[in-house]
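One chain, chain A, appears in both complexes that follow, with chain B as partner in the first and chain C in the second.
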Partner chain A sequence: MNVVLAVKQYVTKMVDDSGQGMKVLLMDKETTSIVSMVYAQSEILQKEVYLFERIDSSARETMKHLKCVCFLRPTKENVDLLQQELRSPKYGLYFIYFSNVISRQDVKVLAEADDQEVVREVQEFYGDYVAVSPHLFSFNIVGHCQGNNWVTPALTRSVQGLTAVLLSLKKCPMIRFQNSSEMARRMADNVRQVISKEASLFDFRRTDVPPVLLILDRRDDPVTPLLNQWTYQAMVHELLEISNNRISLASVPGISKELKEVVLSAEHDEFYANNMYANFGEIGVNIKTLMEEFQKKSQGQSKVESIQDMKAFLENYPQFKKMSGTVSKHVTVVGELSRLVGAHNLLEVSETEQELVCQGDHSLALQKIRSLLANDNVRDIDKLRLVMLYALRFEKHSNNDVTGLADALAKKGVSEKLRRMVGAVVDYAGSRVRSSDLFGSKDAITFTKKFFKGLKGVENVYTQHNTLLQELLDQLIKGRLKEASYPYVGQAQLRDRPQDIIVFMIGGATYEEALAVHNMNKTIPGVRIVLGGTHIHNMKSFLDEITHATSGVSRHTSGRRW
Partner chain B sequence: MATRSLTEVYILMRNNALQNRHIFSEQVPLIKDAHVVADDRMALVSGLSTDPEAGIGVTKLSRLPPEWVDTVEEFQFDITRIKEKMKELVSLHNKHLNRPTLDDSIDEEHAIEIQTQEITKLFHRCQRLVQQINSKGHYGSAQEQKLAQNIVSSLVRTLQDLTVNFRKSQSSYLKKLQSREERSKHYFETVNLLGPDFSGVGPENEEDLLYDRGFTDVQLQSVEDNTVVVQQREREIAQIVRSIQDLNEIFKDIATLVTDQGTILDRIDYNIEKTSVQVDEGLKQLQKAEKYQKKNRKMLVIVVLAVIVILLLIILIAVKSHH
Partner chain C sequence: MADSEIREGFLCPICVKDLGTISQLQQHFEDEHSTEDKAVLQQLKGLFGKAKRKILAAIDSDEEDTVDSGPSGHPGSSTAVSQSVDAGGIDPTLWEPQEIGCMRSHTDFFKPIRDARIDRYVVETNKLIIRLDKLVGPDVPSDPSRRKIFEKKVVQWAPDSHVNLCMTCGKSFGIMRRRHHCRLCGGVMCDKCSEFLSFSYAKKLTDPAFKPGNDTPLGIGFRRSNSTSSLNSMMTPEGEPHIRICWECRKLLERRAQQMEHRNSRPVIGQFYEKMRQHMETAEQLIPVYTQAAESLNLGEATYNLADAEEQKRKLVKLYEQIDALSKRISSMGLNDTEPPPAKMVQLQKAIRFHASQFIQENLMGLTPLPTQEQLVQLQAKRKAEIQRKIMLERQATMERQEKEKRAREEKERKQQEEIKRHQRKSSNDVIRVRSPSRGHQVPNKGWMPPDQSKASAATPDDDPMVQQMNNIKHYIKQAKDAQKWDEVHMLEENLKMLQSEFWRQSGFQN
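== the complex of A and B ==
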């Protein structure tokens, strides 16, 4: 159950299968991202793949001495482009790999275009998703829905991607979905249909306990993407934005040219792999040790006097160079993070957020939010964050003062576009839409649990919040997940404790949830969980998502004006 | 990791398509039976264009692979040879170290020396080949340059890994040799007479001998024996150090060519984006240039017209004033 490895194996296999000789890898926009996430260029160069091209690039030249490995999504445009390519082939031989199921009709179209018989191999390799971490995948779709309904291309893409995940992991699961969400139901049905249509593909060796696919809707937990984060990966995404493991540092003041854009990939960066889930304080300490180690090494490097020193230096030079790159990268990133934390009072903001969500003392929260709204150092987006969380948390509270806070936002010059989000988030995922008990106020058990937790005191005020996902997975593993709220597709039911779980979050997952899943994988023996989503959200992309979802839909809450 | 192969289906479909085309092209003349002469010519022309061989022939002529392709193959062959030789060398080293014979077999040392030299030579050759590819790669179209660049960085990496390996094995051999030396020192205490510094064996040695005249003949004899041994070892070590130094030079040369692993430059998508941006920029530059040119032309016309107008005015004035 490692999605990075699965995709990497596909790429390795297609490159190896084409045999010796110089190769060009021909991809489309999406497969470029897919391949880039698992293979570094220097790594794949060692496999004699010397050229990388996009199929829609017009500037390609004829090079008959190259073999062409095509890795493409089976879309209409790609088939058209490939057909043109085969009519006048630019490369010597073609090995075609589609990332998903392709129709026989399309294969025929290609076969008819191939007069010169240059195609050697046509296969389906189901690496049709972006593998972010071993247990996390994404399709990079923003704007998956309008109102309460799927946008059709997004649904098709999601179903294709999810079935590809199942195929690449060799799982034929039982499907459960969130009953309150029409979108989850539709998606579950579609996945079921694909599985029964391609029954021969999904005919894997039966395991004792069948795997479970759980399909959830982001609307049930709109809080997680709105919170500030304090673990390395999540924090970088929230403050600097990670896209396909790449981070743009162009906005950092006084940045050097080679650090304008950096890569944070656990596959190729040991320090990051060890620290991506560490919290901000720990990273500070770890980066200090890294720095010290580096200094020791560089001092050792500086005195090159004897032949012996020279030898030692040259032997260690590549590692040294790599290490110096890693150090400067992480120091820059962490430096920028701590600058932002200091400049924008993020500690205070985050503490208020956490208390707001986890404790819910109305008057205290309101008071704190008001004082933060008055603070000029706090960023607009953080002010908005607080008001949105307040609006969600105290939606039904009798003294709720969302109007007053919205006015305060306006007074502070927060743009109209952002202010509209307060109402939009309640439309998108207010208590009317949610089915689960997000803030733990209805259920007696959770209430007492919370009470005891309060007695024990909290370890870290900035990371009190636990995701709803974690709770659901906990229930699922213990076999307590209610069937009425999360029914099965079809008749079969799981009797035993599930072992392999694939969770898909319609509307996007977050790195906080990825961390929760990572911890569960580590601590619960015998359970392996993979998390996926239409996107990996931070606050900004989540706002885009909400804007998209609520645009063009008449407001249910007419007469409410914030 | 499930996969599904459609190759058989594809080939079946392709064969069917080819057959259909043949049947179709044979049927065409039958339909237009009346114009036999015209049809003959048509069939010839169309036959030429659908003939796959013709197409390939033309493209092959126009597009020969760049000449450095052979160099790449040569390089790869050399690399396999280096690998073999290194294996042999390691086994020789082990033999030499683990079975120290009293007679200090010169043959073995000689073999090691030769092997080391050959490997170093091969490394040099490989480096030369890479540089050839590198310099030849600057010619040709943009994509060929890109290809050459990628190949060079990949070959350099292979070469670098190998040199590092080789150097490690050499220095570990050296270390073992030296430690054996130290051990032997314990047995032949007199070696201490040569002083802590080994490097000045020659002249210092004589001085020492002069100084220590009071030794018995037996002692002198043993010192002389040891001197010979030490000198021989010294030569051996110097040889290995030299081979390491040679490699260092190669290393320095190629270090500049290595791409930075783990940085953004090592991302496939980044590099693709970069080239497409470059192409876009090129297009923009061209458009700009075109615009400038057009503007220039307009300017020229305006100037010419203005000059004509002024000339005519002067002529007019001249003509009027003459009246």
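== the complex of A and C ==
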């Protein structure tokens, strides 16, 4: 059930199977990010892969002494490009791997293009998704829908990606989907169709309890992507944006050249692996320990007097260098995070957000939001965040003052484009659209639960929020997920407690949800959960998503001016 | 005592300490290593269980108390292990290794399709090559008209009247567009579509020992038609004879030329690279051997020879130098030439160099250093002392432990006896009374007499020669221990044990 390992094993196998000798890895845009997420360059270098080329690049030169390992998505363009490539091959031998099911017709076209007999292998290896963490994958699609409907290429890609996940993990699941979402239903049907069409591929050894695939729609929980985050990974993504494990620090004042772009990969960075789910406060402590350790080492390094010292220095040098890289990287990242937190009153903003979402005292919330909107240190995007959350939370409240807040935003010079988002988010995922009880006001049980939680007091005011996903998974594991709201595709139903769960979020998942899934994996015995989404969102990409979804669609709230 | 002695007894699998008895070993393991490895512990338990059953079966029924009290020995510990198995879930990074995902191969579908095409090419090409061989052979007449007749004899030309269109461009022939024949397939095309193959290049193609020379790079052998003069079909402007062929034939010949060139060419970088990889592989095989030797030597063991290890190290360093040199050569290849190599080539060379330096850093820089000869001697001496100290400690521990066990047992017995006595007062059971004093004698032991037993042995007169002998030996053991002569202690203890068992046997007879 480890998606990182699954993709890595594929890449390892294709590189190993091509045998000894210098190799070039020929990829397309998407497979490049797929591979880069699981293999560090230095690591794949050890496997004699010395060049990385894009099949659509025109700057490639003929090098007949290289073996070419092609890892490509089975798209029309790729088949065309590959056909051209084979007619006048630039490399000595070709080992071709497609990341998904390819039609026989396309294989035939390629076979007829291979006049020079350079192709040794043509295979399908189903590494057709970006493996972010062992339990988290993404397809990097923004703008998956328009109005309430899939954009066709996005649907195709998502179904391909999700079936690839199933194939790479060797799971043939029972499928459940969110009944209120037409998109979830369509996707579930399409996945089912692929499974029955490729029945020979999905013919795995049956397990006692079949795995479950749960398909959800982001619209049921528009709140999570709007919140500020306080765990390392989620926070970095929210404030600095992680894209394929890379973050850009170019905007950090006084940054040195080699730190302009850094890689944060749990696979290759021990400190990050240990701290990606840690709270911001803990990281501060841990980074201090890391610093001290490093200082001790570097002091040890400084006195190179005797030959013995030199020997020791040389022996430790690679490790030392690696450590110094790690230290400076994390110190810079954490430093930048805390600068942003301080400069933009993020603590105060976050506290207000959390109270808004979790407690919902209208007048108190409104008062706090007003005062934060007046504060010049608070970033526009955070002001917008608050107003959007308010609009969602008190959509049906009788004294709701969204108009007043929107005016306040305008007065503070927040751009028209951003201000439009307040209305857009309600269109996208307002109470009219949502099926679940996101704020826990309808259901008596959740209401009392909340009440008691309020009595006990909260441990951390910045992390009160629990994702809806966590609650759904909890119900699913306990066998209490309502069948009316989350029906099965087909007749079969699961009677036992599910063990292997793959949950897919149409419209993108978040790192907060990834953390929740991680914790569930860690604490619930016998259950393994993998989370995926069309994208991994932060506030910014979520706004893009909403813009896409609502553009060109008549607004239900037309006539009102925000 | 040799350094690489074989040790027997109840050794702890982790710290190799001799623990005397099973129960002791188990106790020790649970105390010291319970946190280390559950799997080992479990395995060990299984082993103990088996051993216990065996020993229990083998040992005399009245000696069973020397072994621990049977399967119910440590109820707490076994549950502790099973508890830890499924407490909570698992971190996704620690999920058990999975088999590689699903795969599907199209190679078997791909190859027949390709091969069918290739076969056709190969047959066609071979036919052309045979014809070409004749056409450029030594008996070609130099006179144009006779040459034409000769060419017609080799290849059946298509009759002009049957062909109205050029087979390449499809335009109709007339006064302005004359018919020309391909000398290889006999087809008809226009002059514009004609290709010309020089004799020298054709000879290279037909020569089985073809080597691509630097003078004729690929493709230069062909020339497009640029003149309408009929003489041109025989001679190039430079006066070299050439033959007119069609585009199809040219394509087939070019394909063959490319394949031949690829088969025969071995770029310099490839050769260097292969050599470098060979060295790397040799080094990779050598490193673990060397590391093992070096570590063993550093521990002061005498399993490996210092001179051999030094030799290995020299070899490794030499390999490292060669790898370094080769990779440097690869990376600087062609950089000083007048025409710098293409950017991708430079990138490749740099990547190879990077790979090599990474390899060196990881594998060879961190080599375990070897001790010098003097250091080695010191280390070995230290190790010897250490081993002896450990053995002594273990032995002492064994004795103490056995004493403890015995004391506990006798305590139990005494209680039992008291119980029985109390019992007797009520029910006066004779059998037990007869049996009970003899039990005290049955325990073989060295050097320590429990109070009640000493009374019992005091009852047997001191003049028993065996008892005197035993006392003497005990005295010697003590002396030897003081003098730290462990070999002697060991020997004496063996003697003592023998005497004791003999003594018990005899006294058993007497009773």
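Methods note: the second predicted complex is superposed on the first by the 562 of 562 C-alpha atoms of A that agree within 3 Å, B and C clash if a C-alpha of one lies under 4 Å from a C-alpha of the other, contacts with A are read in each partner's own complex, and residues count from 1 in each chain.
Simple rule for what comes next: a residue touches a chain if its C-beta (ideal position, glycine included) is under 8 Å from a C-beta of that chain, and two chains touch if they have at least 3 such contacts.
Quick caveat: nothing in here was measured; it's all calculated off a predicted structure.
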| item | value |
| --- | --- |
| First, second, both or neither for A:59, with chain B first and chain C second | both |
| Which superposed partner A:483 touches (first chain B, second chain C, both, neither) | neither |
| Partner chain(s) touched by A:282 [first = chain B, second = chain C, both, neither] | neither |
| Touched partner set for A:22, first chain B, second chain C, both or neither | both |
| Chain B versus chain C as contact partner of A:258, first or second or both or neither | first |
| Touching partner for A:122 - first (chain B), second (chain C), both, neither | both |
| First, second, both or neither for A:266, with chain B first and chain C second | second |
| Partner chain in contact with A:528 - chain B first, chain C second, else both or neither | second |
| Which of chain B and chain C A:111 touches, first, second, both or neither | both |
| Set of chain A residues, in rising order, touched by both chain B and chain C | 6, 9-10, 13, 22, 42, 45-46, 48, 50-51, 59-61, 63-66, 101-102, 104, 107-108, 110-112, 114-117, 119-126, 167-168, 170, 201, 204, 311, 314-315, 317-318 |
| Of all residues in chain A, those that touch chain C in their complex | 1-2, 5-6, 9-10, 13, 20, 22, 42, 45-46, 48, 50-51, 59-61, 63-66, 92, 101-102, 104, 107-108, 110-112, 114-117, 119-127, 133-135, 167-170, 201, 204, 266, 273, 311, 314-315, 317-318, 518, 520-528 |
| Interfacial residue positions of chain B with respect to chain A in the complex | 1-7, 9-11, 13-14, 16-18, 21, 50, 52, 55-56, 59-60, 62-63, 65, 69, 72, 141-144, 146-147, 150-151, 153-154, 157-158, 160, 164, 167-168, 171, 241, 244-245, 248, 251, 255, 258-272, 275-276, 279 |
| Chain A residues within the chain B interface of the complex | 6, 9-10, 13, 22, 25, 27, 32-33, 35-36, 39-42, 44-46, 48, 50-54, 57-66, 88, 101-102, 104, 107-108, 110-112, 114-117, 119-126, 167-168, 170, 201, 204, 244, 246, 258, 261-263, 265, 268-269, 307, 310-311, 314-315, 317-318, 321-322, 325-326, 329 |
| Of all residues in chain C, those that touch chain A in their complex | 86-93, 95, 97-107, 109-111, 113-114, 117-118, 121, 255, 258-259, 262, 265-267, 269-270, 273, 277, 342-345, 347-348, 351-352, 354-355, 358-359, 361-362, 365-366, 369 |
